[in-house]
Amino acid sequence: MVDVERTTQDLTDQFRNGTISRRDFITRLLALGLSVTAAGSILAACSSAAVTAAPSVAAPTPTTGATQGGTSPVPGGAATPVTGLKGNIRFLIGPWTPDEIKHQQVIEAAFKKLNPDVNFTYKLYDWSSGSQEIADSLAQGAHDIYYTGEANYAALYSSPNTFEDLTSRINDPAFASEKAKYLYWDRIGQYGDRLFGLPICWHVEDALFVNMDMVKSAGYDETFVESWDTFVACVKKLTTSGVYGLGIGIQLGPTFGEWYQMLRSAGGSFLTKDLKAVNVNQPNVVAVTQRYIDLYNQGVVPPSGAYDYNTAPDAFVGGKMAIYSSDLTIAAILQGKKPSFTWKVLGFPPGPASRANFNDMGFYQMGSKTPDKDLAWEVLKWWTNGDSDAYWAGVSGTYPARADALDHGFAGYSTQQLADSFPMFQQIGVGQEPFKQWGDCETAAEQQAGNAWTGKSNAQDTVTNIEKAVQKLVFGA
Amino acid sequence: MGSKVATASNPSASLGSETIVSARPRRVALSKEEHRRLAHGRNARRELTAWGFLGPMFLFFCVFLVIPTVGVVWWSMQSGGMVTGSTFVGLNNFITLPDEVTAGAAIANTLTFALMSIPPALILALLIAMVLARVKHGGAVYRFLVYLPVLVPGVVAALIWIFLTNIDFGLFNTVLQVVGLPHQVWLSVGNALPVLAALDVWRNVGYWTIFFYAAVIGLPEELFQAAALDGANALRRFRHLTLPLLRPMIMFAIIIATIWGLQIFDTPLILTDGGPGTATTTVILQVWRYALSASGQVGLAAAISLALLVAILALTAVQLRLLRGRGGT
Amino acid sequence: MSAPTAARRRDIPQAVASRRRRGELNARLEQVFGHLILILVAITLSAPFFYVITTSLKDSGSLFHYPPQWLPIPPYLGNYQKLIFDSGFPRWMANTLFVASAVTTLKIFLDSMAGYALAKLEFRGKRVVFGLMLGLLMVPIGVLLVPLWSVARQLGILDTYWGLILPPLANPLGVFLMRQFILGLPKDLENAARLDGVSEFGIYWRIILPLLKPGLVVLAVVIFTDQYMSFIWPLVSTTSNDMQVLTVGVASLRAKGGVDFGLWSAAAVMSMVPIAIFFFALQRQFLARSLAGALKQ
């Protein structure tokens, strides 16, 4: 019999010495039989600098759910986990990290403890051609479980017979208590009465990574983002020779730029709430666009093209940018680079109407041609339960769509900075609008916004062009 | 009569009926029938043999080149997605194409890019080839070094240029720093397309250098010697002898380089992903984006592809006419 | 002879000699000048390679040092280790070499046979076929992406080796190259064989093909190089990680956040190695590759 406590102690020491990597540490802890939650808590304890002695683990802690047997804990999450299932499940998912499949296999291993006769295969699609690959696979029934970004969820929502309609399963009273722990049902409900997936994550596409040491020496603390005036004053002060105060417009590709959240912070949106008219060309929207153009003109923002998604992290760590905007996955990358300063992840400052940071959701969905739908449903529930979600979202650098994520060890798997900002982003988050051309509108809008940032067009023209583009994409005129 | 008789010295003269009719008329009638039947058999066998040789290649040619070319026309009149189903919209895509901002930018960028990258590449190549032709030793080493960038796949070349152009530690800015000049933002909106053109020149100049080099060393030496004896200096020899003699090669190079330049895709994708904004979005890049977009704009993709296809076919026709004009083929 | 003429005749050898010496000096200056230009050109064109090689031998973390460290001493091999053992690179390279070899081999036979037919055989529709191939010669795959993808999908060859190998076989450039070569071959052996009653295939196999060897090498070089560098079709037609070819795999490095310049440089260097070796061995044929399109001149 393995002495769990002693082995955990050894592993912890090895991890803190740097002898084994974080991934190995997690894997071995889980192999010992610890629940996902317990492992996460240990990780969180290891990461916090205050702990000098190794954390004590009395016994593997089972989470909510029935315990089966003394020493083999149940990495549970569902009210009564099903056992003894048989079959094959084929995943078609997007690669959040290079180790995507390995992370999936950790979740798979926990599932297989209860259902050893279910076999899993994973196929990764390319993000840029993902929508085509998913559509193709759905047509042929080639896979059972799909990961989709919200843009795909929306685009395929009204395609008949592609994804399996899960409405009755989700609204089943037996699922109600678990359902309550998921976030953002209201947002999913925007698309229509039918529900086609379980949410797994929500991702802030443009958050501010802030060099807090620089901010403090400029005389501000983290509240500087809470008002536009302090924000501008601070970034101006941070801009010195060789250092840019604010790096925006850096994300890879023309989608998910910062302009959409500027639009929402000004009280605008692509379409009105009833989805019948375009709602872009408002004076506040023009004003917000102008504010950021001014920052470009004052040299606070590096010119477009100076840095891109790949080169920006090094520049931030090297002190070339005091603040820069990118998606949450960068947090893990920055942590890996071990910057010599304290840094935080904060939200964008308010616009005329409110603070708005855009986030979009990720779903796990079932194909309508899946042979064993009950099995697939169990798999869907497992993959989105507290343990699995906290683990997967944590290691993938995104936020879990669960209210109880922090209780399941999310902080340990993710970075401290992301965990700290979880509630804040939930508060100020805004999502996509529920029409299928949203993704294309966003692409067109960010391309036009690019012209504003580079001085090719002024604020009013930019907004007018975006309005025209949305009009054309949605209403065809 | 003489010319009609098949003799050893004139084996290709046919046995016309005129020559034999006086001898055996009945044989002729049969012979004619037999001739035709034999000819048919031979013809059929000959056709079969020819297609036996040509067939496999022609099959692939039809399936993967001819049919898709027709397909472009068909798809350009559709709207929707490749897999999610599409509907027929006639010429709608072409009518709305000028309004499509990104499509317009893509076309403008591609043309600008061609203008910025082709003349420098060809001129440099010609000059370097001239020097190569005159230098007596070490030609092979120079040719190897000059040709090396041609062997770099486009995506690798773009990756290399990402570090070269890095603001903080790239080679270009380091050189500028050493010389005392300020750092440049190489991939900014204004600079990205010229940098892309420079990348293309870097990659292709070796190819055309070797091309012109082979042409130059193939020129008759005597002409140049005669001109030199007549007192023509190097510049005059170049202008009045070399250039005219090389004219067909130069025209050929311009057309081929243009056709390649118009298709540029991998370098803008990797270097700047078509950005910043749409500064380096080229036609094929935009086609690729339209074809893969979530709500499916395949029709637009095919419409622009068709426009490019027509341009390439036109250029091909021009080239063929130029060749035929010289009395070739 | 008058005295001035005699004097002039005495001058001539000296005059000629001094002119020849000036000529030699000019020629030598010209050589030096030429070399200088070529050295400058060679340095400009190959500088990026040295930069990439040195970067590949550095640890990525050290890239932000000022002043920049020019020579990596001691050389850091971690990037290459990571590339070979911890990335998809070996698979990508294997895929590319396999596909390129397969296409080259198939094309050698397909194109020489088709070229033979166009050069030597008569058949109905020959003009049409010739014209069609000539017209579509320069049409690139990029323009045909949408319908080609559709065709490949219906044939079920997407994301397979067939899907990578079959479409490139359609390019008619090789056919014209072969036709040109075959037309230029001496006809005696062929005529003799014909009179002897040898079948067309026999003539092709036993007479033409051996004579065609230098042309085949040029063709092989052209096709192999094009396939090695092919990007857009493999990008569009393959989706699995296993099926990625070199160009697609290297491009995928770009899509990850947080760049690892050391790894990228190592990948760039390793990508060049096979084709550089290939080039070194077959320099003359590469020269001919530059002329491959000029077959009608």
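Going by the order they are written in, the chains are A, B and C; count residues from 1 in each one.
One rule holds in what follows: a contact is a pair of C-beta atoms (placed from the backbone, for glycine too) under 8 Å apart; a residue touches a chain by one contact, two chains touch by 3 or more.
This structure is a prediction, so every number in the text was calculated from the model and none was measured.
**Student:** Counting C-beta pairs in contact, which chain pair has more, B-C or A-B?
**Tutor:** Between A-B and B-C, contacts are more numerous in B-C.
**Student:** Compared with chain B, which chain's mean CA position is the farthest off?
**Tutor:** A
**Student:** Taking the mean of the C-alpha atoms as each chain's centre, how many Å separate chain A from chain B?
**Tutor:** 45
**Student:** Take the average of all CA coordinates in chain B, do the same for chain C, and state the distance between these two points in whole angstrom.
**Tutor:** So the centroids are 14 Å from each other.
**Student:** If a residue has to touch 2 or more other chains to count, which residues of chain B qualify?
**Tutor:** 82, 162, 168, 291
**Student:** Where in chain C do residues touch two or more other chains at once?
**Tutor:** Where chain C meets two or more other chains at a single residue, that happens at 63-64, 236, 254, 259.
**Student:** For chain A, give me the residues that contact two or more of the other chains.
**Tutor:** 128-129, 136, 252, 310-311, 314, 318
**Student:** Please output the residues of chain B touching chain C within their complex, sorted ascending.
**Tutor:** 46-47, 49-54, 56-58, 60-61, 63-72, 74-75, 82, 128, 131-132, 134-136, 138, 140, 142-149, 151-156, 159-164, 168-169, 171, 174, 202, 205-208, 210-211, 213-214, 248-249, 252, 256, 259, 263, 265-266, 269-270, 284, 287-288, 291, 298, 301-302, 305, 308-309, 312-313, 315-316, 320, 323, 328-329
**Student:** Okay, in this complex, where on chain C does chain B touch?
**Tutor:** Answer in residue numbers: 30-31, 34-35, 37-38, 41-42, 45-49, 51-52, 55, 63-64, 68, 110-111, 113-114, 116-118, 121-124, 126, 129, 132-140, 142-151, 166-167, 169-172, 175, 199-201, 204, 225, 228-229, 231-232, 236, 246-247, 250-251, 253-254, 259, 261, 264-265, 267-268, 271-272, 275-276, 279-280, 283, 286-287, 290-291, 293-294, 296-297.
**Student:** Under the touch definition given earlier, write down the residues of chain B that touch chain A in their complex.
**Tutor:** Against chain A, chain B makes touches at 81-84, 99, 101-102, 162, 166-168, 185-192, 272-279, 291-295, 297.
**Student:** What residues of chain A sit close enough to touch chain C in their complex?
**Tutor:** Within the complex, chain A contacts chain C at residues 98, 123-129, 133, 136, 252, 309-311, 313-314, 317-318, 326-327, 329-330, 333, 336-337.
**Student:** Which of the residues in chain C end up touching chain A in this complex?
**Tutor:** 61, 63-64, 153, 236, 239-241, 252, 254-259
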